[in-house]
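The structures come next, written out as C-alpha cells.
Look at the two complexes coming up: chain A is in both, with chain B in one and chain C in the other.
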Partner chain A sequence: MLDARDMVKRRLGLRLWLSGGWLVLLLLAALMAPWIAPHDPLEQDLFTSRLPPFWMAGAEPGYWLGTDSLGRDVLTRIMYGARVALIVALVAGTATMLIGAALGLIAGYYRGWPDMVISRLIDIWMAFPPVLFAILLIAVLGTGLTSVIIAIIVIDWTRFARVVRAEAMAQGAMDYVASAQVAGQRRLGIMLREILPNVLPTIVALLTLEMGIAVIVEAILSFVNLSISTDDPTWGGMIAEGRTSIHQAWWVLVFPLAALFLTVLSFSQLGEGLKDRFDPVLR
Partner chain B sequence: MLARRILTRLLTTLVTLLGVSIVVFVVIRVVPGNPIAMMLPPGATQADIDRLNALYGFDRSILAQYFIWLGGVVQGDFGTSIQTRQPVLDLVLRRLPATLELAIMALVIAVALGGFLALTGTRLRGTATEGAIDVGNGMALSIPDFLWGLVLILLFGVLWPVFDISGRVSPSLVPEFYTRFFLFESVLRLRFDLWLDLVRHMLMPALALAIPLAAIIGQLLKQSLKETMHLDYVTLARTKGYGENHVIVREALRNAVLPTLTLIGVQFTFLIGGTVIIERLFSYEGLGNMAIDAVINRDLPLIQGIVIVFALLFTVINLIVDLLYTVLNPRLRNA
Partner chain C sequence: MSAFLSIRNLSAVLKGGPPLLRSVSLDVAAGEVRGLVGESGAGKSMIGKAVLGILPRAVEVVEGEIWLDGVDLLRLKPTERRRRIGATAALIPQDPMTALNPSRRIGPQITDRLVDILGWRRAAADARALELLEQVHIPDPARVMRAYPHELSGGMRQRVLIASAFAAEPKLIVADEPTTALDVTVQKQILRLIAQMQARHGTALLFVTHDLGVVSKICGTLSVLYAGKVVEDADVRDFFAAPAHPYSAALLAATPRYTDPKAGLNPVPASVIKAVDAEISAFDRGWRNG
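So, the complex of A and B:
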C-alpha cells in the first residue's frame, strides 16, 4: 500500500536539487556581478528614482526589478549584495564550525576540567540575546566585513560546541573507543581518527545551517546599519531602505527579501538533504 | 535530595550571571571612542571632561570600575544613563513590561498553533494532510523571526492593511496607567478599546516571533504523540471503546507532553532574544529597541543594565523549567 504521506515527502527528493540550484545561481551571479549586472550598484539618478519592476506601468527597459528612491537599480544591488552574503556565509560559517566543533570535541571526549570550563562558557553565552550581543560587538569592533565575520564566530560557536560535545560524549562511551584505548592509541589520535569521523555528518549538517544563519545575522546587522559601510549594497541595507518607503515602492523591500528568504531556506534544506544522505540508518 | 538539586542549580545560575557581567564589562570597556566626549559640547575644557569622567567612574581602573558597578547592582543601583541622565533601572523597568507582554503573547500563540498542528497531524496520520504539516513545519522552522516579520509587514501592513505594523499603541490612546503592563491593565480597567488597539499593534510582531517556535512544538509534540499511540494503555483505552479524539487528547497527550514542555522552556529564551530585532522592525517601544539605541549611542551604563536584565530573565526561565521538570517527571522525583 502506498502511503499518501510518502508521496508528499518523495516530492521533496527534489529539494536537494532546488536548493542547490538556487545557491549555484546565486554564486554565479555574485562572482560575475561586475560583468553581467545591468548597472553600476552605486550609480544614482534622481530622474529614474522609484521605477517599478518590468511588468508594471511606468517601468523603464533595462531596470528589470525597478529602482530605489535614489534611482539605483534593484537587480544590480541584489547581485552585489549576494557577494557580501556569500562571503559571510562561507568564511564565518566555516570558521564558526572549526572553533565550535573543536571545543565541543575536546569537552565531550576529554571531559574533566576542559569540559567544565567549556560548558560554563556555553552557559554564559546562552544567557545573552544573540542579536544584541552581535550589535554590541560591532559597536566595539567597528563596522566592516571582518567585524561582521568575527561577531558571527563569537556569538555562534556554541551552536557547534553544544551538539558536538553531546555526540562526542555518546561516541566516547562506545565499545570501539574502549578497544582503541586498549590497543594503545593515544587520546588525541582516538579523538581525531575514531570519534571525529562519526560526528562529521552532524557537523556538516550544522555547517549549512550555520551558513544560512550567518547570512541572516549579516542582514540584521546591515538592517540596523551596523554591517559594512553604508554605501556598499547589502540585502539588509536594501531591506531597511525598503521598509521606510514600503508604501511608495514595495519592490525595494520585496526583491532583496525574496533573495534572502530563498537563500536561507536553501541552506537549511541542503543541510537536511545532506544529513539524510550521510545517515547510514536511512541510507 | 530535591533540595540539594535546587541548591546546586541556584549556585550555577549565580556563576553564569557573574560570568555574563564580566563578559559584558570586558567587551564594553574595549569600546574605542570616549562616550564622555560625545556628551559635552565642543570647546569643553579638560577640567570638564575630568569632572564627568570622575562622575561616571571612568577614571578608575577597569577592575575597580567593575566592583563598584557590581556593588551597586547588588543593591539595585544600575548606574545612570549617559544619554538621558536617568537611572538605568527606571529606564529598563519602564520598557520591560512591553517586552514581556510581547514575548508572552508570542508564546501563547506558538503553543496554541503548535499544539493544534501536532494534534491535527496525529489525528490524520498517514494522510497527505500530515505530510503537508510536516513539510510546512520544516520550512517554518528554517526561516527565522526577522524574515517572518518582514513577510507579515508586507502581507498585513501593505497588501491587506488590517494590522498596525509600527509602535505599541496609537499615540492618541497612550494610557496613564499605574503599571506599564498596558495589555493586562487595560483588561482590568475594562478599557476594551485600548486593549483592541494594543492587540492590533502586537499581533504581527508576536506572530513573527511565534511561527518558528510553533513549528518546533508541532514537530516534537507530534513525534512524542506518535510514540505514545503505540503504548499498551492507549490500545486499552481504544478497546474500551473511546473515540480517536478522546484517545489522543485525554490519554496519549498527557504522557507525550513532557519533552515538549522542556523544549518550550529553552526555546522561550530564544524567543525573548528575538524580540530585540523584532521590536526594531516593528518600532515597538520595548527593551530590545532601547538596547539597539543604547549601543548606537554608546550609552555604556544602559547597555550593561539591559544585558544583565536579559541574562537574568534567561537564567531564571531556565531555572524554573529545570525545577518544573524535576517536579513533573516522576522518575526524577526520588533521584
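So, the complex of A and C:
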C-alpha cells in the first residue's frame, strides 16, 4: 500500500521533472539564442545547403542538426523559433486565462443575467470553426506577433469560460458557500476567496494546456504564412519549408516538428503534474 | 415583539410551481431551543434557509415577515440584510464534508466573520478561535487551526463547524440536521456538545431535524411541519405527553422504539395522511381566494 503510493509519487515527480526540464531548457535556449546559437538564423550559404545532422555521413562540424536548402542552420533557427513560440504561449495563454476564467467565474457564481449573456456569447463563439476564425482575424488585423496573440485570445477564451463556469457552479452549491453567505461575506468576496481557490487547480491545468494550444495555433498560422514576417524563423514556417524537401533533407522538417511536439506535450504534462501535486483535495 | 426570532405568515413557492411554505408562523425566544420537525420535503430546512437569507434562487417568498431582533429581514436591502444576519445569526450545516472550504485552512474559516464583519483584530480573532476549538473538545487546537479540512474526520469537522457557529456569539443559531450525516456514535457526542454549547452561551437555537428522539433530548419547544404548514406548536413536555394534532400523534407513534426488538414499525396511517392532506387543500383554497 505504502509502496504503491510511493510509486505514484515518484512517477508524478518524474513527469513534472521531464516536462519542466524540457520547458526550462527551451526557455534558456530562447532567451540566450543571440549568444549561444552557433550561427545567424538568417545567414544563407548555398555551399553548405542541405547538410545532414551530425551523426550522418557528410555532416559538417558546427551544424549539429544540419542545414536547410538555403544553407541556414536548423538548430539556430529552432532556437530562434522557440522565442516566438514561447512568447505566444506565455502572453496569449495568460491573457486567454485571465479573460476566460474571469467571465466563467462570474457566469458560474452569479448566475442570473450575467450567466445568460456570457453563456449565449460562448454558444455563438463555439459555432465558428476556430482555424478559419483565426485566419479571418489575421486577415483583418494584419500579420504580426500581436495579431497572432490577439487572435488566440479572441478564439480561445471560451475554453476557460466554459470549464470554469461549470466548476464555479458546482462549488457554488456547496455548504461552505452558504456558510460564508450567512457569515455576512460579500458576493464578490465569496467568489474570490471561497470559490476561486477551489477552481484554481483546474485553471492552472487549463492554462498549461492552453499554452500548448497557443504554440500549435502559432505554428499553424506560420505554416500558412499568416504569422509574423516570413524572414523570422518560426517552427511553423520551418515545417512548411521542410515539407518541400522532405525526400532530400528530412531533418529540416523533423527537428522543428519534434520541438513543437515535445513542447506541447510538456505543457500538458506539466499541467497535469502540477494539478496532482498542488490540489489540496487530491493531495 | 418579545421573541428574538419571529416568523409571521411566511409563504414561499417554487418559482412557477407549487407552494413550499404555507403561512408559517413561529417564534424563538432569546435562549430558547425550538425543534422544527417534519418528514423530508416538509419545508423544515427551507424555513432555516429563509431566516439566514440563503434560499435557493428558484424559491420565492410571496408573503410574510421574518423579524430578527426587532427588524423585519424581508424588508431590508440585500446588503443590509447580509450584514444584519452576519452579526446576529449563524448556521450549523448538515454535511460537515462540504461545509468547510477544502482549499482553505481551518483557522481563517472560523475567524473570517470576526475580522471582516465584526471588525476584530486578527490576533484577537485567532485567540477566540483557539478558545472555541478548546470548548468543543478538539485536541491540539493550534494544529487544527493550521490544518486543511481533509485532514480531519467527519466528527472533528462538525466540531469545528460548531465552534465556528458560536465564535461570534450570535444570538441565534440555525442547526440544519447537524447530526444526520454522522454515524450514530458520533451523533450522540455532537448532540451533547451542541446542548452544552447552547447552555453555556445562552444562544437561541432553531433545531431542524426529522428525529423526535433528538428533539426530546435538547429542545424546549417544537413546531411540527407538514407540507410546509405548521400543524402543531407546543412545549416539548406537553407534546410528548399528549400531542394535540392527529398527524403529530401518528408521527410520535411512528418513532421506532429499540426496547422491544420484535415490535414492528408503525407508519403514519393512511387515514391520518388523508385528513391532514384535506386540511392542507382546504387551507390552499382559502389562501387563493383570500
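Going forward, the second predicted complex is superposed on the first by the 269 of 283 C-alpha atoms of A that agree within 3 Å, B and C clash if a C-alpha of one lies under 4 Å from a C-alpha of the other, contacts with A are read in each partner's own complex, and residues count from 1 in each chain.
Following the convention adopted for this analysis, contacts are C-beta pairs under 8 Å (C-beta built on N, C-alpha and C of every residue); 3 or more make two chains touch, one makes a residue touch a chain.
Worth saying up front: this structure is predicted, and the values here are computed from it rather than measured.
S.K.: By the touch definition at the top of the document, which applies to A:P197: first (chain B), second (chain C), both, or neither?
M.R.: second
S.K.: Using the superposition on chain A described above, determine whether A:L86 touches chain B (first), chain C (second), both, or neither.
M.R.: Neither partner.
S.K.: Which of the two partners, first being chain B and second being chain C, lies in contact with A:V182: first, second, both, or neither?
M.R.: second
S.K.: May I ask you to decide whether A:A168 touches chain B, chain C, both, or neither, giving the answer as first, second, both or neither?
M.R.: It touches nothing on chain B or chain C.
S.K.: Classify the contacts of A:A127 with the two partner chains as first (chain B alone), second (chain C alone), both, or neither.
M.R.: A:A127: touches chain B, not chain C.
S.K.: Comparing chain C with chain B, which touches more residues belonging to chain A?
M.R.: Residues of chain A touched, chain B against chain C: more for B.
S.K.: Which residues, counting only chain B, touch chain A once they are in their complex?
M.R.: 12, 15-17, 19-20, 23-24, 27-28, 30-32, 125-128, 130-132, 134-135, 138-139, 141-144, 146-147, 150-151, 153-154, 157-158, 269, 272-277, 280-281, 288, 291-292, 295-296, 298, 303, 306-307, 310-311, 314-315
S.K.: Would you mind writing out the residues of chain C in touch with chain A in their complex?
M.R.: 49, 52-54, 57, 82-83, 85-87, 89-91, 93-95, 98-104, 109, 112-113, 116-117, 148, 150, 161, 164, 168
S.K.: List the residues on chain A that touch chain B in their complex, please.
M.R.: The contact residues of chain A facing chain B are 3-9, 12, 120-121, 123-124, 126-132, 135-137, 139-140, 142, 209, 212-213, 216, 219-220, 223-224, 226, 239, 243, 246-247, 250, 253-254, 257, 260-261, 264-265, 268-269, 272.
S.K.: Sort out for me which residues of chain A touch chain C in the complex.
M.R.: My answer: residues 111-112, 174-176, 178-186, 189, 193-194, 197-198, 200, 280-281, 283.
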